[in-house]
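Labels run A, B and C following the written order; every chain starts at residue 1.
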Amino acid sequence: MLHDALLIIRKDLKIEFRSKVTTNQVAPMAIVILILFAFALDTHQHKLILAAPGLFWVAVLFSMSLAIHRSFSIETSSSTRDGLRLLGLDPGGIFLGKVIVLTIEMFVLEIILGFGIVVLYSATLHNYFLLISITILSTLGLAAAGTIFGSLASSFKTKDTLLPLLFLPISAPVLLSATKAFQTELGTVIGSSHPWIRILGVFAVVYLTVGVLAFGPLLEEQ
Amino acid sequence: MENVITLQSVVALSGSYPILSGVDLEVARGEIIFLQGSNGTGKTSLLRAIGGLVSISSGTIYILGQDLLKNKRVLRQKMGFLSHSDFLYEDLTIEENMRFYLKASGAGLDHIDQALDHMGLSGRLSKVLTSRLSVGQRRRAAIATLIARQCEIWLLDEPHAGLDADARDLLDSLITQASSQGVTIILSSHEANRAVELSTRVITMAGGHIVASHLSTSDEILIPKSTKSDSTNVA
Amino acid sequence: MKPKKSPVIRVIGFLALIFIGATLVLGLKITPPDAIQGQMVRIIYIHPPLAWVAFLAYGTTAIASGLYLWKRTRARIWDQLSGASAEVGVVFTGLTLVTGSIWGRPTWGVWWTWDPLLTATALLFVLYLGYLALRKLPGDINQRSKRSAIAALIAFIDVPIVQMSVLWWHSLHQKPTVFNPGQPAQIHGIMADTLLIGFIAFTLVWLWLLFTRLGVIKLEEKIELYGLEVALRERRGEVNKDLVETSQDSHSKTSLSTSSKQGPDSQVLVQK
């Protein structure tokens, strides 16, 4: 399983490195979202600082659904999905590979967004270690759930509209918990981020497990 | 001799439309089967069903003595599939594509250079991104991957399409060579003359199932009979 | 063909009508208005039962999906049941939200408040709408069932996570719980009886809807299967038409192929 996962990771990262879709298209769009939010909140400095954690994660969520799309459009452009199925790769390995690539891509994007909220919303970051842990944990959970639904949706003509319908409600707990954890760490709300980190951990573990188990039957879909 | 491929009353559906309507087929090792029939008779679907790409709603498929549905992963590694689309990643070079497919299918990397050379893709071409190649070159790359994988079964859907005359000759010689080494091949083609010449047996499909099967040496070839025929003859 | 309706379903339907009638009479006429909430209290006889049925329905969907995915118990009925139950569940979730909102407007002065239960219920509503959308998509019947079952289980696993996060979210917000349908604690006597009757009534309604919908699904699948048989016959019947075409252009092929019959052998020789 790990061998197959590594193969997929290497291949997808190479493709991403060449095509630069995430960095050249998804990341700028995420920044645009941050700017639009500022307009919606009337560029009120105080409101922006308070809203920064939530807006950060909403931007992540929307960018994520684009990145999931990209992850599966690599496989449908010349029916390489069929090619993948024909290889007899371990479905769990394909799943893990896709999740890890998505997590890496999104992490790069989240760093950019992090700069975005510091510059645009005057958010102050400290305790980098915890912030990064929260980010990685949330992203892993989102990537797992997203990859499950991405593969579920990618076999249909209506995949563009189906994916957000399935993915966004499922990821509500992550949005909520990650926002809360960020609020406490960014100092906009007083409290502990630990319960939130626990939820994020549960979410990630649950969806990674479900994905490894369910990806076989999902991949066999036409 | 044991059958490499055995299908029994295979029915496959696309939505509620039966793309395969009860296929019975037995193929022995080293046979070269030419599937013929007009468009929409189920040739591609049959090849895809054998490759495990179409899920069947009834009937059984045995490959190398094993149930395809139960041993999909193992059996797929022994089958090479050439289809209308070439399964190549646009942002990888030919060589990278081949390396990925070979590693992923558990085949060794030993035959890459030889296969590239054989298909006239060695040197500079192998380092060019797939998206910059012509259709014919991409087809050649797909064929090179097929050879390098050293599969036991080749499923070729319109392998002649998009190739120039030289490449077609090259492909045909590869097919006969592979067959002599014990590879079992099923192909569909609109190049009927070429394909009949190449094959050991011609199978005619209509309405989603097989209506006739003849040895290529038979004079009756291509004149369809009513139902199932002497498909076991060759075996 | 007229569908047979089992007597059990008829009895359930009849009982459901009686209990709904009883809930209406008791809830609207006989029970007194509440000291604080006044007439508004009457919605409590239907709102919690609606929510209860919604959760019952989703639970059924999850169990049936699990039974479908488990190879030993796999049967069409589980897929049909999970589909039917989820549909009823979505309707009841919708009704729960609507009744909650109707109650909330005069009580809180707003149509919507981010009460944890309300939020979780709303998320559940959207989640299962997605599930139903997925069920409607075309594909082979077995694959459709399998993918739906996986999605149903994923949605169900999400429920406790949603609950947990929303509850903590709420508790950290320090908002008072104004309306808690889980604890109709101040209710007693005739009011408690009415609420109990309401629960029974809506459970019966759920059962009736579930079995009726199940019957319709079964009929739909029967029609699909019948259509399949016809399609299969037609498909096999295409032979004659195809054969005429094939044999027409095959004559030319025949002559060509026989003339070059030595081809493959000579090529093999060349190869060697």
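Keep in mind that, in the parts below, contacts are C-beta pairs under 8 Å (C-beta built on N, C-alpha and C of every residue); 3 or more make two chains touch, one makes a residue touch a chain.
None of the values given here were measured: they were computed from a predicted structure.
J.: In graph terms, with chains as vertices and touches as edges, which category applies: line, ring, star, complete, or other?
T.: complete
J.: Relative to subunit A, which chain's C-alpha centre is the most remote?
T.: Looking at centroid distances, B is the chain farthest away.
J.: Just the number, please: Cα centre separation of subunit B and subunit C in whole Å.
T.: Whole-Å distance between the two chain centres: 42.
J.: Compute the distance, rounded to whole Å, between the mean C-alpha positions of subunit A and subunit C.
T.: 28
J.: Would you kindly tell me how far, in whole Å, the mean C-alpha position of subunit B lies from that of subunit A?
T.: Those two chain centres are 39 Å apart.
J.: Tell me, which residues of subunit C touch at least two other chains?
T.: Residues 139-140, 143 of subunit C touch two or more partner chains.
J.: For subunit A, what residues touch not just one other chain but two or more?
T.: 220, 222
J.: Going through subunit B residue by residue, note those that touch at least 2 other chains and give them in order.
T.: 14, 55
J.: Within the complex, which stretch of subunit C touches subunit A?
T.: Residues of subunit C touching subunit A: 123, 126-127, 129-130, 133-134, 137, 139-140, 143, 146-147, 150-151, 153-155, 157-158, 161-162, 164-166, 168-169, 172.
J.: Okay, in this complex, where on subunit A does subunit B touch?
T.: So the residues of subunit A in touch with subunit B come to 4, 7, 11, 14-15, 18-19, 74, 77-80, 82-90, 220, 222.
J.: Would you mind writing out the residues of subunit C in touch with subunit B in their complex?
T.: Of all residues in subunit C, those touching subunit B are 138-143, 224, 227-228, 231-232, 235-239, 241-243, 245-247, 250, 253-254, 256-258, 260-261, 263-264, 267-268, 270-272.
J.: Taking the complex as given, what residues does subunit A use to touch subunit C?
T.: Subunit A reaches subunit C through residues 145, 148, 152, 155-156, 158, 162, 165-166, 169-170, 172-173, 176-177, 180, 189, 191, 195-196, 199, 202-203, 206-207, 210, 214, 217-218, 220-222.
J.: Going by the contact rule at the top, pick out the subunit B residues touching subunit A in the complex.
T.: Touching subunit A from subunit B are residues 14, 51-55, 72-77, 79, 81, 83, 85-92, 96, 100-101, 103-106, 129.
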